[in-house]
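The following pair of complexes shares a single chain, chain A, combined with chain B in the former and chain C in the latter.
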Partner chain A sequence: MRRVFLSEYLVLWLSLVYFAALAPFTPGFASWSNFQTILAYLLPLLVVAVGLTLVLIIGGIDLSVTSIIALASVVGGKIMSSEEGWLAGHALAVPAGLMAMLLVGVGIGMINGFAVTTCRIPAFIATLTTMMFVSGLAIWFTLSRKIGGLPPSFVMLGQKLWIAAVITGVATWLAHVTLARTLFGRWLYAIGHNAKAALVSGVPTARVTFATYVLCGLFAGLASILFTAGLETGNPEMARDNLLDVVGAVVIGGTSLYGGRGRVVGTVFGVLFLALVDNSLNLLGLNFYTVTMVKGGVILAAALLDAMRNKFLARG
Partner chain B sequence: MKSLIPTFTKVLSLMLPAAMLLSGCGKSPEATNSSGEKQLTVGVNFETLQTEYWVAGFEAIKSELKKRNIQIVESIADGDANRQLQQVRTFVTRKVDGIVLVPKDSKTCVPAIKAANEAGIPIVLFNRPAAESPDLKLVNVVADNRTLTRETVAFMIEQARKSGKKHKAMVIIGDLGDINAVGRKDGFYDAVKGNEAIVEVVAEVPSEWNQEKARAGVVNALQANPDISFVFSSSDFLFPSVVAALKSANKYHKLGEPGHVILGGFDGDATAYQMLVDGYLDATGVQDVYFEAEQAVQALLDALAKKSGPSMILDPGFVIHQGNLQEKKSRMWGANVVRK
Partner chain C sequence: MIEFRNIEKSFFGVNVLKGVSFTVPPGQTVGLVGENGAGKSTLMNILGGNLPPTAGEMFLNGQPYAPASPRAAENARVAFIHQELNLFGNLSIAENIFIRGFPRKFPWVPWIDQRTIRVRTRQLLEEVQLARSPDTLVEQLSAGERQLVEIAKALALDARLIIFDEPTTSLTSRETDRLFAIMARLRERGIAMIYITHYLAHVQQLCDRIVVLRDGQVVGAGEKAELPIERMISLMVGREITQLFPARNTKPEAEIALDVRGISQPGIARNLTFQLRRGEILGVSGLMGSGRSELARILFGLDPCATGEIVLNGQSLVGLSPRERIQRGLAFLTEDRRAEGLCLEAAIADNAVLVSLPQFARGAVRLVDRNRCRSAVDKIREAVKLTASARSEQPVKTLSGGNQQKVVLAKWLLNEPKVFILDEPTRGIDVGAKYEVYRLINELVARGAAVLMISSEVEELVGMCDRILVMRRGEIRDTVSPHEFDRERILRAALHDGSIA
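== the complex of A and B ==
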């Protein structure tokens, strides 16, 4: 028991216990079709969460990820839509749309990185401002309208579950390898532990921080592709209410809000745990108010357990 | 990464027997009623419960289902289209017999409708229609926003005509991504057309269904046009913002008092009812939420019985004003909210 409690896979064990405990009372929870439902919900959230994990490890925060998703969604829609797209019907519509969605993420990531490193604006304020500006821009760009008529070859990316799983899997694996195996990954932890010490030790902190925000934006752009394809709509409000879910999942997965600690695998478990809780509460058919309270309570309990585990580990 | 492999092996060795054991437990139990027939289960999913209208609609549907001895499974998407899609899919997993859905908007609901169609589960969209598509099988139950707004504004124009003077008007419009908001805007201009000698529209305030934006817009419009004396709000839930702005401009007076601004709205919520009772509101177009709930449930039952019916059911609603308040208030959902 002690081994499980102190294991770095605690959140995974919690997810399994939760699954096993609820399955007998939750109709359909252990079915194949429900597994697909959970996966479809989890994949885009995981991609955003992985990007955010990198930023949190350097002790930063990116509040603009959901607005990047929204802007990329409508930009992609405006390019590809057969109803109102600039390249409607063109053979290059989908590649151009995909590229533009990723570039939106990279561009806003660069703005965030520039604001944090060159202008030395605290990450919270810099990305909060970007979030407000970009959200407004997405709404202005479409005048609040949703963009339909997306090409089937694009929609397939979010609706064929195996394609979305491959995209998410590759992105997550690359982030994991970058963090665990490369010098860049070690620099991220060093900056998160102590940015000044890292600088003195020869880590190019400004460049690394800048690159981390760009990567986070890129992941948000990629997530936007999955969200937009899954809902078959370019939406200026896409993922607007997902920010707390994403931050919650990353933190539950063991990433510290103060930087220097965190793993991509932990984030995978955090997102899985949140998705399981959300899905089971839906299947139970509880009323809205109960669902909100239970969800908050379960997440709080998981976070408390993780905090206790870290305290034990720190004591050795 | 290597350390993960044994861990995942252990995890899988735990999950597989658990899943096998539980696969029999995961099936939805088929409830039966007192006469031994299978009891129907309907999934009700609302995009939000943030306004009184949606709460009233939610309660009306649940009450209609209970009345017909139908089990209910409910979920609320809390404004998130992605979560809503997941919730509809969980209804499919639970093998519900029918789905009543208030979509986030007309386009993002399309995959959810497809999921229900593929599973052969009838689906009814309540109060917010889906984008037209020949591939989708569904029934829309919606208020006739355009006609009801036209009738409400026509009543307001009649009051303006009786005052014997020309009025400058302001219209507060909703989120134009919402087809209901578009219908109400069109209905307003339908009524004004041909009556320009009585009502001149000088301000159009976009609210995006946001009270703060509405308030700021109304304040700005009143500053630019202090002689505005005719205001139509595309939803009653924006009245607190409108009233606050009118009060700060010293323009909030009862009917019959000097300086009264002719005021109208749409929905029939509790605030509008109270304003009618207190004598500040001229008229509002009431969505007959009980009619819509009854029609939504009936459409599901008809689909289950393989009866063909219309794919669009319109709620004509009614205009409520000082003259018919006592007679009509029992069908005004906002009045019932106040009574509760």
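== the complex of A and C ==
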């Protein structure tokens, strides 16, 4: 019991227990088609969450990730759509669209990184304001309309689950290796633990912090590709309600909001757990608001559990 | 007054205190000495209600005393003056003193009676001889003045027992004298005191009785006459220490390692010029605020300098980031180990390799070679003689001060620095660990490195350095060579700061 409680895989065990406990009472929870539904919900969310994990590890926060997803979604749509796209029907429409969507993420990540490092604005305020500005921009850009008619070769990326799974898997694995094995990853933890000590020890803290926000933006751009392709529309309100899901999932996965602690594997489990909760509650016929309330409770419980664990670990 | 009877405490199954018993009689001052990790802090945490003892009892004026919280200890009129002061910088002196409970104008309305507070604070400040208005913000006070506010706070409690935990670490010698005068007055008023410090001469000067702790046990207790400094030291470390400074067999070479020419920064440094040769240990002496730490930060590129030239082995350092200076062979052990030296929550190994990490990263993606890292950590651990009981994966915060400092040294030594700037390298660490730090410094200069050693302990500089720069108000006022080391001044300093301090 104690070993399970203190294990890094605790959230995975919880997910399995949750699944086993609810499967008998929830019609269709354990079916193959529902498994695909869960996966379709989980994959794009995981990509954003992984990017956010990096930012949380250095002790920062990025509230603009969902607005990046929305803006990238409409920018991509505006380029690729066969109805109103700038490159409609062009052979390079899809590559250009994909590139533009990723660049939106990188660009906004650069703004965040610049604000946090050079201007020394607290990350919460910096990314809150970019979030407000960028989500407004996305809506203004399309006059609040959705963009349809996306090319089939693009839509495939999200609709064919195995492709989405491969993209997500590769991105997640790359983030994991970066964090666990590279110099850059070690520097992230050092900055999260003590940015001053890291600076004195020769870590280029400003450059690393900047790069982290850019990476987080890039992951959000990639997530936007999966979201947009999956739903076959460029939507200026894409992922609007997912921000706290993402933050919650990362925290459930054991990443500390104070920085210095967290792993990509934990985030994978956190997203899995949240996806299971969300899916099962929907299957049980609860409405959106009830689901939100329960998810809030689950995240709170996870935070409490983590606090208890830390106290326990500190006592030994 | 207070009696400890067979106090035991264990953490993680390790006994930190093994049946500690001693008494502090009313109106007497007891010096509590011991190396870091001897159990002093744990014992005081039990006394202050931060930790419950595993076994044993305490008696306050004959009554059983078992505080459940710091608040309970205060209610029993037991007050602490901590090493890291527990004051709120953003509040005024008066607010800090009455933070436990403000007097109200009307009993049932939470309206603070500012007048009473001010009048009462003024009386208290007079008692501790602090000439400041009660409305002064604490952040505007010097370290010494804050200490006096802490004492005033204890007096406001009408404390019967006051515990001083390393109160002089950040004080100038003048402030220290003033503190001691006030402590003498408190003793006359019948207040019992426990005085914890590494400055053994202070213990001899101030205390009536002395208790020596080692490995969680009382290994010596008695009147101060029975425990002269040498006796205390040998009891503390469990063996006779014959020398405080290890011998060095190498001499400075002719080649200049660091050439500093005319560094100036308005209000901080004025025309600082000196040269540091290979194999030399150059001391920097001066009071806090004399610009000695600021000099180190400028040399390392953490603070700006308006004019001047810094040349390391022929290469100019001006305009380079700390990282680029490290790559050129500079190292910097900061004054504040917890704030800037270590990632306390991170593992020993991660801290130890932090500086040299780029050397262990290969290829375009800079993959860290974990095996090489591990063996480097194992090797450097041995070199700095880090306690063998600590695992490399353990968080640094679980180590004692001396071992934490060894981790900081390990981190820099792994990078084989050519010029090492040490700011207060032995602050807050015990005798044994100090000796190890000195030994490591000597080994480093024997390998041809140069060391700039900043310290407030003159004894230490005289024992270690080839030359000493004396700074005052951002200027180098004097350079003392070995044959000029003034013995009388050293003796006087020894009387004030302790022969092992």
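Throughout what follows, the second predicted complex is superposed on the first by the 305 of 316 C-alpha atoms of A that agree within 3 Å, B and C clash if a C-alpha of one lies under 4 Å from a C-alpha of the other, contacts with A are read in each partner's own complex, and residues count from 1 in each chain.
Here, a residue touches a chain if its C-beta (ideal position, glycine included) is under 8 Å from a C-beta of that chain, and two chains touch if they have at least 3 such contacts.
Since the model is a prediction, treat every value here as computed from it, not as a measurement.
**Q** For the combined arrangement obtained by superposing on chain A, do chain B and chain C clash, or do they fit?
**A** Pair status: fit.
**Q** After lining up the shared chain so the two structures overlap, which partner does A:90 touch, if you call chain B first and chain C second: first, second, both or neither?
**A** Neither partner.
**Q** Treating the CA centre of chain A as the corner point, state the angle out to chain B and chain C, nearest 10°.
**A** Apex at chain A; the opening toward chain B and chain C is 130 degrees.
**Q** Just checking: does A:198 make contact with chain B only, chain C only, both, or neither of them? Give me first, second, both or neither.
**A** Touch partner of A:198: chain C, not chain B.
**Q** With both complexes overlaid on chain A, does A:189 touch chain B (first), chain C (second), both or neither?
**A** second
**Q** Could you let me know whether more residues of chain A are touched by chain B or by chain C?
**A** B
**Q** Kindly classify A:240 by the partners it touches after superposition: chain B alone (first), chain C alone (second), both, or neither?
**A** After superposition on chain A, A:240 lies in contact with chain B alone.
**Q** Check the residue A:227 against both partner chains and state whether it touches chain B (first), chain C (second), both, or neither.
**A** first
**Q** When the two structures are overlaid on chain A, which partner does A:19 contact: first (chain B), second (chain C), both, or neither?
**A** It touches chain B, and chain C stays clear.
**Q** After superposing the two complexes, find the smallest distance in angstrom between C-alpha atoms of chain B and C-alpha atoms of chain C.
**A** So the smallest C-alpha gap separating chain B from chain C comes to 14 Å.
**Q** Quick check on the complex: what are the chain A residues that touch chain C?
**A** 178, 181-187, 189-190, 193-194, 196-204, 260-261, 316
**Q** Which stretch or stretches of chain C touch chain A in the complex?
**A** 11-12, 300, 302, 321-323, 326-327, 332, 334, 339-346, 350, 354-355, 357-358, 360-361, 365-368, 370, 411
**Q** Taking the complex as given, what residues does chain B use to touch chain A?
**A** 1, 4, 7, 11, 14-15, 18-19, 22-23, 25-29, 43, 49, 72-76, 78-83, 85-87, 89-90, 92-95, 105-108, 110-111, 131, 175-177, 208
**Q** Quick one: in the complex, what on chain A touches chain B?
**A** 9, 12, 16, 19-20, 23-24, 26-31, 33-34, 36-37, 40-41, 44, 139, 142-148, 159, 176-177, 180, 227, 230-233, 235, 237-242, 265, 278-279, 282-283, 285-288, 291-292
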